Amino acid sequence: MLSPILLGQAVVNGISLSAIYILVALGFTLLFGIMRVVNFAHGAFAMLGGYALYYVYGRWGVPYLIAAPLSALGVALAALVLERLVYRWFYQKMFQSMIGLLGLEMAIVFTAVIIWDPHERSVPAALAGIVEVGGIIVPTDKLVIVGVAAVALAAFYLFTKFSKYGLAMRAAAQDVEIAAAQGIDTTRIYQLAFVIAIFMAALAGGFYAQTYALSPLMGERPLMMAFIVVILGGMGSIPGVALGGIILGFAESFLGTFYGGSVAVFASFGAVILLLIFRPWGLLGTPET
Amino acid sequence: MTALLSVTSLHRQFGGLTAVRDLSFDVAEGEILGVIGPNGAGKTTAINLVSGVIPPTSGRVEFRGEDVTGLPPHRLVGRGIVRTFQSTTVYGDRTVRENGMRGAYLGLYPGFFATLFDTAHARRMRAEATAVVDELLDWLGLTEVAEDKAGSLPYGHQKTLGMIIALASRPRLIMLDEPVAGLGGGDADHVRDTIKRVRGRGITVIVIDHNMRFMSGLCDRVLVMHQGARLAVGTPQQVLADPAVIEAYLGKRHAALAGH
Amino acid sequence: MMMNAKAAMAAVCGLAALAAAQPTVAQEDLKVGVIAALSGGGTAWGLGLQRGVQIALDEVNTAGGLKVAGKTYKLSMVAFDDQYNAAQAKTAAERLVNQEKISFLFGPVGSPGALGSLPVTQPAKVLQFVDGYAPAILKNEWHAGYVFRVNNSNREFAGPIVKWIRQTMPEVKKIGMIAPNDAVGQAAVPILVDAYKKEGFDVWVEYYERGSKEFTPLIVRMMAQKVDLFEINSNAPGEAGLMVKQARQVGFRGKILQSGGAGVDEMIEIAGPLAEGFLKYDVIEFTAPEVKPLVDAYNKKYQGIINGMVPIYYNAAHILLEAIRRADSLDTTKVRDEIEKMEGWETKMFGKLAWTGQAEYGAKHQIAQPFFIKEVKGGKGTVKTVLKPE
Amino acid sequence: MTDASLSPLALAPRAGGRPLAIAAAVVAVLALVPLVIADKFILSLGSTVFITAIAAASLHLIIRTGHISLGHAAFMGIGAYASVLTVMELGLPFAAGVLAAFVAPCLLALAIGPLVLRLTGKYFVLVTFLFGEIVRMVFVEWKSVTGGANGIFGIPAPAPVFNDPAAYYYLSLGAGVLLVGFIARLLASEVGRAIDAVRESERLAHCSGIPVLRLKVTIFALGCGIVGIAGALQGHFIRYVDPTSYSVVQSLNLVVVNVIGGMQTLVGPLVGTLFYLILPEMLRGYVELQRIIFGIILIIVMAFLPGGLVELGGRALQLVRRRAGS
């Protein structure tokens, strides 16, 4: 069964899966890298991003290129309230943040169930159709995701490496007190990082809802994926997200295509457990001192 | 005099960095040995290696003629080697007495089922542990604060308590990592007396510090470390006269020390 | 919020019913129980169950109540959530049976809840109307004493569908299935596979872990097997819709059919134009004239799309109420015997009532009602054929 | 409670005296309940409370070593399946099932413990989370033994008499007293002193001669074995086991119970269990609201109130006393 077309299709599927995983995991790793917060409410923000896109694009008909970033930005800015109410108490407290933010996830998701009912709906695709290259088929909506993920990854990397705010973030990530002593307003920096992270979660949630389906419980899967990607690559590392996303995406595509669905899940979970035991800081992360 | 502790060619690497290289020394029973050297000389790593907190890359540690290389700390405590930590380490939320009781744990642990059912044996052991701890508290002057939370004690008392926790296991060798760091001159003198009294109980002492003045009034012999290796060993007078020591370590700091 | 609105609505309806009843007749309360998933994944079906029963009760109440042995009863409902979980279903059943003292129970939908509640209801002789694919719901230590399955299980509908495929699609030789590795999939798929094999088809099955949304790798794997018909089997509507969409996106050109589930609208919503030509089992045709009164009553009282559970449980409630009238008693044994004897009774929208299952489960407590194969045409599910269960 | 019980001076007035008397009084009242209330639902709810309390207390034991397990329900499931299979497949009596329910998860914990307990608390949370999922998937996949996703139905009661809810009430109450009592005793012993020392400062404890890893593995295995017994009690009570009953959601529920009640004393999970099981019965029909309330409590406790409801109650009591005193 190892035909070139099958192989090609598996590669293409691997790329598109990797892209969505990278997109979902970027915000997660940013929150961890800078504030040491394990954002178990990440899936809830992805879900809110899905609903925002559903209204802004699906219902109100705002042009897609504006609607996608606008709805994500809306979620991110609204989430600032939660930053003040909830998140700031968990900064630099990795352990407490996990359980506390699981609570936040619960509260948001079930509020959404009350508002929107639990049933699934769809967000209309921006580009429906397929591109066929030499027998290998690529759906256009997934092509869009690959493009956005690549751009986001590059932008993230360049931002943290070169921009003034990005450098300030990195300084704050390394040592809060020293950063404060250097005159960096950590509260502001944290808020900025928070908004960017939630923006990414909501944007990814929009794509996710569009590609799959929209429901209050839809965030569970993206959260799980973000979590695995980030552990694989190394918590807090942006190149780690790229590597982790690619490994997970290709593993799922190839194991799924050639060995079946359950094998893919067992293998990825098993690999992550082993990694956590022997190298908890991930492939590209740095161990804590 | 046979050596109580004998360290041979101890080596420890962290990645590409060699923290301790080819370190050998002996400690005689009843001796106070000082380990001295500038920051980064590998003193604390050396103590960590001997006390089992980290395993050595190579080399050998013998205690009372027995090979104890790479044994974990709790095993070494059972054999009579304990240590204290550079930063004060006490159980801050617990009473001073409870801190002491935790130090006495291993030597006086009655066994799982005995303690579970609180047998006569377990009660006897506990009474004994309490007696040991109370005696130590009395001996080092903490009886009055025995029911206070350890975290509420002044810094100097916390350091003393750290030593009590170590002594409660009734060791033969105690290793003190910078016992006077952060203390004022008067307190330092007090600590020096305490250490001498500890030795007076027949306990061998290894003490780490970088303050030569403090060390020379305390130690029988001094081991000077430099860049992870042994630079010199001998009485404080011998070491101070050693040209290699003066050049490598004391040369630029001599004036500063004299000014103290 | 939703719950409050519902409670308020129920109160208003209750008042209306009270006002409509003749003031001279002293009325007593008869409470029936409902256990359904009212939170989490199975909520859409749980709400359908609850609403279907409520509409039937409302009809009887507005008509003056239920007359039994000289007394007139006003009907009301107590509904508890089982979160699609066995332990919760047991607790809910305990409470309904022992505290609320109900004798008639609708639900749960789904095997875990049904199997969790049976040890409470059956020894207590509580008459229960469930839906779920697990054969053990009827085939158990109580010999299905006081439990009826009021929806076709796939043991009843798989055979006729497969035969229909044999007759109408002679080109189909090999079937591919991608199934959830959960209670529904593991119970339903073997039965379906048997049905296909019996008719001489080749069958290829692959399971996926629940929660997965990306089926493309598995579909590509399936396509490499050169299957002619993609059987979506027991997948929930959301996953089923995604499978149709993703299969078409990667260029699967064979037939796609689902023998299972209920309701085609949610799938069309998710698969969009790619759902065109998709064939699906369904329990009801909502545009049929005999169903219209129910749809109207539903839309008057509730928001949200009506689904297949509403008519199924509306029907079940009326079967029970008719049996109580015939027995002229609230004794569950007498009522059960009447239900068994009701074969041939004209239901409101499922034709003549029929019970089956003696051979399969050792008790004739399995409903057998005609069902539909629908085809998606122009974005709408249209009836392709009506089949009878075996 | 631990530190108080350890020095002989403190033992008599504090740990040995009042709490023991209070516990005895509570158990006595609970034992009288079936004589007064014949409502089967209340008695069943009672059994559920006792079984959950055992599970929550066993997790508390592990939490006391500084490790929160997000996979505890998986071990409960292993216990449930082990007992059910022992009774149904091997035809052995319930007592043998309970033994299997203790031994099976205990052995698994002994096998993985030395690996996962090396991790610090935060990574342990992550590993147990994934491990719990894997165990659940094994329940689903291993159809020939576990019955797959449809589980095992028709599980007999431990003995015919236990079909009566009142009898099961006494069975689970007895098990609860025995196992929770065991945990309380353990925590009050020298082992408990070592557990607290390890949690508060692992380095210092290790250098005071406490075999840290061995202690943690032992406690982890004990906790997993005890929750296995709770699983057996639950399986034979519901008389149906399936993988969804032992998923990450259930593990999270056990953590919620501990966090809500308070993680500092054994009273915490007991109070948490009561709150966790009684609130839904009061709010039945408002499931979403329950989850929202639990979510908000989790946030508040983790951010401001590490002692949970017990700490809150303690503070309130102090306040009342001060008012009364002045």
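Going in written order, the chains are labelled A, B, C and D, and every chain counts its residues from 1.
Simple rule for what comes next: a residue touches a chain if its C-beta (ideal position, glycine included) is under 8 Å from a C-beta of that chain, and two chains touch if they have at least 3 such contacts.
None of these values were measured; they are calculated from a predicted model.
Enquirer: What's the overlap between the neighbours of subunit A and those of subunit D?
Expert: Looking at subunit D and subunit A together, the chains touching each of them are C.
Enquirer: Based on CA centres, what chain would you say lies at the far end from subunit A?
Expert: B
Enquirer: Centre to centre, by mean C-alpha position, how many angstrom separate subunit B and subunit D?
Expert: Whole-Å distance between the two chain centres: 41.
Enquirer: Taking each chain's centre as the mean position of its Cα atoms, how many Å separate subunit A from subunit B?
Expert: 49
Enquirer: How big is the gap, in whole Å, between where the Cα atoms of subunit A centre and where those of subunit C centre?
Expert: 37
Enquirer: Just how far, in Å, is the C-alpha centre of subunit C from the one of subunit B?
Expert: Whole-Å distance between the two chain centres: 74.
Enquirer: Using the touch rule from the top of the page, what residues of subunit A touch 2 or more other chains?
Expert: Within subunit A, the residues that touch at least two other chains are 110, 113-114, 262, 265.
Enquirer: Going by the touch rule set out above, which residues of subunit D reach two or more other chains?
Expert: Within subunit D, residues 137, 141, 287-289, 291 contact more than one other chain.
Enquirer: Run through the chains and report each pair that touches.
Expert: The complete list of chain pairs in contact reads A-C, A-D, B-D, C-D.
Enquirer: Tell me, which parts of subunit B touch subunit D in their complex?
Expert: 51, 53, 72-75, 77-78, 82-83, 85, 89-95, 97-98, 101-103, 105-107, 109-110, 112, 115-116, 118, 122-123, 126-127, 130, 165-166, 168-169
Enquirer: Can you name the residues of subunit C that touch subunit D in the complex?
Expert: 3, 7, 38-39, 79-81, 83-87, 90-92, 94-95, 97-99, 111-112, 115-116, 119, 123, 134, 136, 140-141, 181-187, 209
Enquirer: Using the touch rule from the top, collect the residues of subunit A that touch subunit C in their complex.
Expert: Residue list for subunit A touching subunit C: 1, 3, 6, 9-10, 13, 16-17, 110, 113-115, 117-122, 124-125, 128, 130, 132, 137, 139, 212-213, 215, 217, 220-221, 224, 252-258, 260-262, 264-265.
Enquirer: Quick one: in the complex, what on subunit D touches subunit C?
Expert: Checking each residue of subunit D against subunit C gives 39-42, 44-45, 48, 137, 140-141, 143, 148-151, 153-154, 163, 165, 234, 238-242, 244-245, 281, 284-289, 291.
Enquirer: Flag every residue of subunit C that touches subunit A in the complex, lowest number first.
Expert: So the residues of subunit C touching subunit A come out as 1-2, 39-41, 43-44, 178, 181, 206-209, 211-214, 216-218, 220-221, 224-225, 237-238, 241-242, 249-251, 266, 269-270, 272-273, 304-305.
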